Amino acid sequence: MSMRMQHERGFALLDTTLDPMRLREQLQHDRAGAFACFEGWVRDHNDGRAVLGLRYEAYRGMAEREGARVVEEARARFDICDAHCVHRVGDLAIGDMAVWVGVSAAHRGAAFDACRYIIDTIKDRVPIWKHERYADGDAGWLHPAADPRAVTR
Amino acid sequence: MSMRMQHERGFALLDTTLDPMRLREQLQHDRAGAFACFEGWVRDHNDGRAVLGLRYEAYRGMAEREGARVVEEARARFDICDAHCVHRVGDLAIGDMAVWVGVSAAHRGAAFDACRYIIDTIKDRVPIWKHERYADGDAGWLHPAADPRAVTR
Amino acid sequence: MNEVHLLYFASLRDAAGVDAERVRTAAPDLAALYAEQQARHGFALPLARLRVAVDGAFARWDEPVRSGCEIAFIPPVSGG
Amino acid sequence: MNEVHLLYFASLRDAAGVDAERVRTAAPDLAALYAEQQARHGFALPLARLRVAVDGAFARWDEPVRSGCEIAFIPPVSGG
């Protein structure tokens, strides 16, 4: 049953507001006792600078394929019922949700581990870039140095 | 600011349906870039037996104090903005939410770690008991042997 | 003799048939008090699997029984 | 000479002034192709900080340049 109910594609890019309740409902299964979820919110600061807002840009076709592959990897590696991730593109304001990851599983260990794996790997590997606007008038693309904790390919 | 906005009491017992959207909103802060959340759902099976429904009972005063202490410990140990946990008491059906844990933080590592700490410790230490009704007509209290992975006091 | 207020939860309450009772006891510590009530009510759970709380806070089994306390034997919990 | 379709994202696009272009190149592999475009557009990011994708899938820098491909130089990503 769970295989049939899994989303064909576990990842989507959206240019409209994310709705956590609808996303969450898609992962409900009677055999799921645990649900772990991660949301990335637009912070008002980054590296000590006040942030006014930001924009996400993606290499759309590739981001959709790589994102779906990351979610498939999580489904294969962890004993979970289902998993899903959506990522915003376009302009976002402070407090907006940039990314949502949800995982349902029979037990909480697998739900947490898969959720963490997905967000870590999305951040490492999916071609999406953040452009921040700062209170001091400056703006720029973020091209972070590799995070040593990130899961590498 | 974050200290002022933190809930006086980070834990509550409720005998009505939990509303994840309302709970989530209480943890929003402009300086929070990460939100990790855990929900426990009533599964249709446990240890290979089909479950029809269940009931949670608590030693109310003590559960509220111990639960609040667990959330305070998470706030002290991890670099987070805020954390909150609510737990149901009374009768629940398959798919109902039994427990909700939410943590907001500047960065995701602390949000995940604190969320995991809270649910592990709640399950280990807070005086709440589950009574399950099975499809075979049997019913009983769950008094699990200590989980070797659980955080001990 | 001390008089204490005992609380029973979950399977202990089912076995005792009451959720609370006032008892007079000569038990010197909380472990002896549980042994006494276990014999009286036929509790299946051994002391090693329980915790004990006095006035709503976890306590040690070797603490003395004090009159007027609220004492709860805490079976393995199963919340979450 | 091979003709390829190049895609630029984020700071590379800002530096190139275009998000895509068709170029004819004699570069034998993808690393040489980046060096060529880096010199032409003044890209600040060294090759060591980039990944490269061919037709929407990650590729190795030592792969040959094939005519008709869509090639994207991938600056360090910052989604999530």
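Letters A, B, C and D name the chains as they come in the text, with residue numbers starting at 1 for each one.
By our rule, a residue touches a chain if its C-beta (ideal position, glycine included) is under 8 Å from a C-beta of that chain, and two chains touch if they have at least 3 such contacts.
Quick caveat: nothing in here was measured; it's all calculated off a predicted structure.
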Of all the other chains, whose mean CA position lies farthest from chain B?
D
Chain A and chain C: spacing of chain centres that average the CA atoms, whole Å
48
With chain centres taken as the means of their Cα atoms, state the distance from chain C to chain D in Å.
72
What's the distance between the Cα centroids of chain A and chain B, rounded to whole Å?
23
Check: chain B positions touching at least 2 other chains come out as 40, 119
Going by the touch rule set out above, which residues of chain D reach two or more other chains?
none
Mind listing each pair of touching chains for me?
A-B, A-D, B-C
List the residues on chain A that touch chain D in their complex, please.
40, 56-59, 61-63, 65-66, 87, 98-99, 119, 122-131, 140-146, 153
Could you please specify the touching residues of chain B with respect to chain A in the complex?
20-21, 24, 28, 30-45, 94-95, 104, 106, 108-109, 111-112, 115-116, 119, 149
In the complex with chain A, residue positions of chain D that touch it:
7, 9-11, 14, 45, 49, 53, 56-58, 72, 74-80
